[in-house]
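In what follows, structures are represented as C-alpha cells.
Each of the two complexes below includes chain A, the first together with chain B, the second together with chain C.
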Partner chain A sequence: MADALQILILGLALGGVFALMGSGLSLVFGVMRIVNLAHPALIIGGAYVAYWGFKLWGIDPLVMLPVAALILAITGIVLYKLVFEREARSAKYSEMTVLLTFATAMIVEGAIGTAFTNTQRVTSPDYATDAIFIGDIFIPTGQLYAGIVSLAIIGALALFLKYSRFGYAIRATTQNRDAAELLGVNVNLVGMVSFAIGIALAGAAGALVSFVFSFFPAKHWEWIAVLMSLVVLGGMGSILGTVVAAFFLSVIAAFVGAWIGSTWSTMTFFLALFIVLLVRPQGFFGEKPELS
Partner chain B sequence: MRYHKVIVTTAIGALMSTAAAADVLKIGASLPITGGFSIAGQKHKQGYELCVDMINERGGILGREVELIVSDNRSDPATAINQYERFINVDGVEAVYGTFSSRLTFPVASILAKNGFVHPIPAGGALRIYTQGHDNLFYFQPNAAEYVGASLKGIIEDLVPEGEGPMTAAVVSADDFFANAVEAGFLGHEVTNPADGSVVADLAPGYLEGSGIEVTFTEKWPEEGFSDWLNLANSIKRSGAELIIGLTASAEEAVQLTRALKTVRAEPKMVYFSQGTQAEFLEGTGESSDGVLVHTSWHADAPFQSTLGGEEFSNQDFGAAFEAAYGAAPDEDSAIPFAVCQGIEQAIVGAGSTDNAAMGAWLSDRSKDAPVRTILGRFAWDDVGLPVDKPFLMTQWNGGELQFVYPTDEFEGVQEMSYPKGGF
Partner chain C sequence: MSLTTLDGTSDVLDARKTYNAALAKRADRTRATWFPLLLLALLLAFPAMQFLGNYNYAIHLILFTASYVVMASGWNILGGFAGYISLGHNVFFAIGGYFAGMIFARLGISTIILAPFAGLLCAVVGYGIGQITLKVRGPSFIISSLALVMIVRILFDHWEFVGGSGGLALPANDLPVRWAKLPYYYAFVVMAAFAVWASYKIKHSKFGLGLRALSKDEIKAESAGIDTRRYKTLAFAISAFFVGMAGAVWGEYLTYIRPNIFLIILVSVNMVLICILGGKGTVAGPVVGAILIVTFNEFFVATLGASEINILATGLVMASVLIFFPLGIVGTLAKSGRLPRILNWD
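Moving on, here comes the complex of A and B:
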C-alpha cells in the first residue's frame, strides 16, 4: 500500500510538470489550429533562460519564470508574424503548420545549439534534489514546487479565458473563427496574442523543466510525442483536457514503470495515443468532429 | 589581347587550384552533432578538428595539407551510413575517422569494410562489432564494453578492505547498444551475433557473481524519452543494494540518475557509472558526485607521450592546446577522437601513402614494442581490432576533481579511493 501511494505521488508530481508543458501546445492548436511541433524546442529555450539566470546571477528559476515567459512571448510574436500569419486563412493551414513548425523546431534547435553549445544543462537550486519525508513516503520538492506553480499558471489562464473580454474573444475564435470575425472580433490579433500566450507558457514550462530534467538543444525531440499524446488524449484544443491527461497518463506511466518495467513507462503515452485515436478520437474533452 | 590574357590567367589559376586541391588529403568523419548523441558528437568534432589543425601547423601528413570533412548524421544510423558512402564515392576522401557510439558504429562498420577503408573507432565498444569478421577495425579505447566490469571487480578485490565490500548490487541500464554490452559483462550474459544468433562470447558467471555479489535488482529504461527517474531511484533504494551500477548511455542520464538517487536519499556503499567523466556531470550533480566511480579511457594526469606531426607531443600538451583552442578543459569525448586522428596520421606515415590496405597492415603489425603512440597511451590490436594489454582507467569524483584511482600500478599519481560512499 505504501508502495502504491509513493508511486501515485511520483506520478502526480511528474504530471504537474507535463501539464504546463502541454497547455501551451493545446492553446495554440485550439485557437490557431497550429500543430506546433516546435513547442518543446521553445520549452528548451525557456529552460536556457532560467539556467543562465541561475548560473550567472544566482536567480532562482522560479523567479526567472516570468522573464522566460516574457522572452518567449516576444519570440512567439516574431515567429507568428514571420511564419504563421500569412497563411492563416488557408484551408490546409493545420497541415501546413506541421511542416512549418517542424522546420521551426530544427531552426530553434540549431539557434540554441549555436548560442549555448550542445552541452547538457540542469539548474540546481537546493530544492531540486530535496524531498519531504513522511515516514517512508517522500514528496520530491522540485516536482512539488513545479506542479504547484504549473497549476497556478494554468488556473490563472483559465480565469483569464473565462472572465476577461479578451478571453471571450479567444474562446469565440476557438469555437468558430468565421463567426467570431463576423461578430467583430479581430481574429488576427486574437491569433497573434494566443500564439504569444502559448509560447509564453512554453517559456514558463521551460523554467520549471530546467530544474526537474536535464536538457540540451536536441532534447525536445524526446518530448514532442509525449506532449502530443497529452493533447490528443485531453482533446485537441482543450486545456483542461490536457491537464487531466497529463496527470492521468503520468500516474499510469509511474505504475507501469514500477510494476511492469521502466522500459514500458514511456510506451504508456504512445499506447494511450493509439487507443484514443481508435476509440475516442476527440479525446476526453474535445468535440466530436462533424461529418461534412 | 586583353581577353586572351584573362583567359590564360584564369586557366592557369584553375589548374593551380586543381593541383592544390588534388594535393589536399581529405579525411571524412560522420558525427552526431545534433540529435540524441549531440553532446559527445560535438566534442568529437572538436577533438578531430584540433588534431587536424595541429597536424597542418606542423606541415601536414607526408607534406600534404589535411582537409577534414565533417558531416552531421543527426545521431541516425542510416544517415551515418550514407555519409560515409558519400565521403568515399563523391568527396573522394582518402581516409576516414570513426563516428560516436556503438549504435552508429555497428552499421557503419560494414560499409567501411566493403570499401576497404581502415576503420578507426573512437567509440564503439560493443563486442559484437568486432565479431562480424571485419579485418579493418581498430578500436581506440582500452577494451570492449563487456570487459569494463573487470576493473570494478579489481577495485573491490584490491582496494576495499576485507569483509567490508558490497554484498548486494542493483544493476540499472539504458536499453542501449553500449550499456547493454557493459551489463552483459556484469551479469554474465551471452553475447550473440545479431546476424545469425550464434554465440560469440559467453560471459558467465559475470563479474558480480565472480566477486560474490548478489544482484538484488535489475532494470532497464528506454533509449529515449525516459523521465521517471525518481521512480527508478526509489526502486533501487528499496532493493537495499549496497552497490549501484548505473549503466547510462550518456552523461546526461548519469546526471538524472544521480540527482534522483540524492532526492530519494539512497545510501549505497559504492556507486559505479558507465558515463560521467565529463565536466557536465560535475556541474549537474555537484557534491553528490563525491565517491562516484566511472571508467574512462583518458585522464588529464596520465603521463602519456605520443607524436603529432612527427614531433613529440604529450597528453599535457593536448590539454593545454585544447584549452587554448576552446577555452575549456577537455574530457575523454574530445581526447579519444584526438587519439584516433593521431593513429591515422601514424598509419599513413607508416604505410608511406593513403593506401588503406597498407595502412591497415601497418596498424595490424603494431606490437607492445612498436605501438601507435597517442595521448591515450600505446595501442596495438588483436586480430579482431581490440587493443591488447590495455586496462581501463578507473576514476572517482572527489571534491570536484576526477581522480584516477585504479589500476594502481599503471603510472604515478594514483589517488586513494574513498570508500564507502554513503549518501549523495
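Moving on, here comes the complex of A and C:
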C-alpha cells in the first residue's frame, strides 16, 4: 500500500511539470488553431536559458524562470510575425502550419545543438537532488517545487483568462473567431499575444524541466507525442482538460513504470493517443467527420 | 440531336471522347518520355567508369539519391496524391530493413532478392496501421504518424532478438572494393525506375484519379461514388511497399541495422522534404527533390560537418520552401507554364 502511495505521489509530482508543458500548447491551439510541433523544442530553449543562468552566474532556475519566459515570449512574437501571420489566409492552413512548426522545431534544435553541442545537461540547485520524507514515503523536492510553481503559473493564467478584459477576448476568439471579430475583438492582436503567452509558458516550463529532467537538443522528439497526448486527451484548446490529462496520464505512466518496467512508461502516452484516435474517429481537433 | 440513340451511341459522348483524345495527344506531345529513359540508360551504364578509375564516391551518391527517389516516390503516393502527410514513414523503412536484414544474417539470402517480400510485409503492416490512423486527416493524422515512430522506436530499442538499441552487424559481401557497391547500385537504380514508373501509372489510373479527388475534398469524393476508405488504405499500403523495399537493401548496403539509423526523424523528414521541394503529387518532383536534397546534404556535411548544423539547414530549407514555394519546384514551374519539357513526366 505504501508502495502504491509512493508511486502515486511520484506520478503526481511529474504530472505538475507536464501540465505546464502542455498548457501552452493547448492555448496556442485554442486561439490560433496551430498544432505547434515546435513547442517541446522551445521548452528545451527555455531549459538552456535556465541552465546557463545557473552555470555562469549561479542564479537559481526558479529565479531564471521569468527571464526564460520573457526571452521565449519575444521569440514567439518574432516567429509569429515572420512565419504564421502570412499563413493566416492560406487554404491549407492547418496542414501548412503543422509542417511549418515542424520545420521550426528542427531549426530550434539545430541552432541549440550547434551552439551548445548535444551533451546531456541538467541544472543542479541543491533542492533538485533533495527529498522530503514523510514516514516511509519520500517526495523529491525538485519535482515538488516544480509542480507547485507550475500549478501557480497555470492558476495565474486561468485567472487572467477568466477575469481580465484581454482574457475575455482570448476566450471569445477560442470559441468563435469570426463572431469575436464581428464584436470588435482585434483577433490578430489576440492571436499574436496568445501565441506569445503560449511560447512564454514553454519558456517557464523549460526552466522547471532544467532541474527535473536531464536534457539535450534532440530530446524534444520524445516529448512531442507525449505533450500531444495530454492536449488531445484533455480536449484540444481546453487548458483545464490538459492539466487533468497530465496528472491522469503521469500517474498511470508511473504505475506502468513501477510495475511493468520503466521502458514502457512513456508508451502509456503514445497508446493513449492511439486509443483516443480509435474512439474518436472524428479527429482530435473536430475536423470534418468522415463518411463510411 | 438526341443524347442517346437506341444502339447506345451518343453524339455528346462521342464529341467528348474526341475532345479528350485531342487533349491527351497534346499532353503527349509536350511530354518528353525519352528523357527519363535516357537518364536510366546512362545510370545503368555509369558503373563502366569503374574500369577507368575509382568512381566509388559518385556511385555512392547516385545510389543514395536513388534510394531517396524510391522512398520519396512511395511517400508521394500517400502524401502527394492522397494528401495524407505522414511524418512516420521511416517505420516501414525500419520494418523492411529489419525483416530482410534478419533473414540475410540467419540464412544468407541476399536482401536484394528479399526486397520485394520486405515491401509486401510493409504493405500488409501499412494496410493494418492505415485502417486505424487514416480515420483522421490533417494535423491529427500527422501527429498519429509521429506517435507511431515513437512506439516502433521503443519496441525496436528493447527487442533483444533483433539486437535492441545496439542493433545487429551484417556480413559485408566479398566482392573486391571496386565492384562491392554495384549490386546495391543496380538494385536501387532499378527500384527507383520502378517507383517512378509505378507512380506515373498510378497517377494516370482511375485509382490515382480517385486519390487526387479525395485529397481535394473527401466528402465530395465519397458522394461521387469513390470508396475513399479503401482507396486511401491502399495508397498507404503501396507507399509502405516502396519505403520497405528501400529499407531492405539499405541495411545490407550499410552492413548493419540499428534503430538509430532507420528510426531517426531525419529520414522521414527527408522523404517529406524531397516531395515538398520537388513538388508534391507530381511524378518528377521526388526525383528533382532527391537530387537537390542529396547534393545539398553532401555540401553541408562536407563544408560544415556537424549533424546539428545539418538539422538546422534542413529546417531552414523546409520552412523557406513551405513559405515561398508551397507547390514545389515542378509544381510552381508547371503552374506558370515554364516547366521544361524534359521534366514533364506527368
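Here is the rule we go by: the second predicted complex is superposed on the first by the 276 of 292 C-alpha atoms of A that agree within 3 Å, B and C clash if a C-alpha of one lies under 4 Å from a C-alpha of the other, contacts with A are read in each partner's own complex, and residues count from 1 in each chain.
The criterion applied here is as follows: a residue touches a chain if its C-beta (ideal position, glycine included) is under 8 Å from a C-beta of that chain, and two chains touch if they have at least 3 such contacts.
Just so it is clear, the structure is predicted and the values come from calculations on it, not from any experiment.
Chemist: With everything superposed onto chain A, say whether chain B and chain C fit together or clash.
Modeler: In the superposition, chain B runs into chain C.
Chemist: Is A:Val83 in contact with chain B, with chain C, with both, or with neither (first, second, both, neither)?
Modeler: After superposing on A, A:Val83 lies in contact with chain C but is clear of chain B.
Chemist: Is A:Ala131 touching the first partner chain B, the second partner chain C, both, or neither of them?
Modeler: first
Chemist: So, A:Ser94: does it touch chain B (first), chain C (second), both, or neither?
Modeler: Touch status of A:Ser94: second partner only.
Chemist: If you stack the two complexes on chain A, which partner ends up touching A:Pro140: first (chain B), second (chain C), both, or neither?
Modeler: The first partner, chain B, only.
Chemist: Look at A:Trp221 in the shared chain and tell me whether it touches chain B only, chain C only, both, or neither; answer first, second, both or neither.
Modeler: A:Trp221: touches chain B and chain C.
Chemist: Would you sort A:Phe166 into first (chain B), second (chain C), both or neither based on which partner it touches?
Modeler: A:Phe166 sits against neither chain B nor chain C.
Chemist: In the superposed arrangement, which partner chain does A:Leu278 touch: chain B (first), chain C (second), both, or neither?
Modeler: Touch partner of A:Leu278: chain C, not chain B.
Chemist: With the two complexes superposed on chain A, say which partner A:Ser265 touches: chain B (first), chain C (second), both, or neither.
Modeler: first
Chemist: Between chain B (first) and chain C (second), which, if any, makes contact with A:Trp52: first, second, both or neither?
Modeler: In the superposition, A:Trp52 contacts neither chain B nor chain C.
Chemist: Residues of chain A that sit at the chain B interface in one complex and at the chain C interface in the other, please.
Modeler: Overlap of chain B and chain C footprints on chain A: residues 109-110, 113, 117-118, 217, 221-222, 225, 263, 266-267.
Chemist: State the interface residues of chain A toward chain C in the complex, per the touch definition above.
Modeler: Within the complex, chain A touches chain C at residues 35, 37, 83, 86-87, 90, 92, 94-96, 98-100, 102-111, 113-114, 117-118, 217, 221-222, 224-225, 228-229, 232, 263-264, 266-267, 270-271, 273-274, 277-278, 281-285, 287-288, 290-292.
Chemist: Of all residues in chain A, which touch chain B in the complex?
Modeler: 3, 6-7, 10, 13-14, 109-110, 113, 117-122, 124, 128-131, 133, 138, 140, 142-143, 213-214, 216-218, 221-223, 225-226, 253-254, 257-258, 261-263, 265-267
Chemist: Touching residues of chain B toward chain A in the complex: what are they?
Modeler: 33-36, 38-39, 41-42, 75, 175, 219-222, 224-228, 230-232, 234-235, 238, 250-252, 255-256, 259, 262-265, 280, 283-284, 286, 288, 424
Chemist: What part of chain C is in contact with chain A in the complex they form?
Modeler: Counting only chain C, the residues touching chain A are 85, 87, 132-133, 135-140, 142-144, 146-147, 150-151, 154, 157-158, 218-219, 222-223, 228-229, 265, 269, 272, 276, 306, 308-316, 318-319, 322-323, 326.
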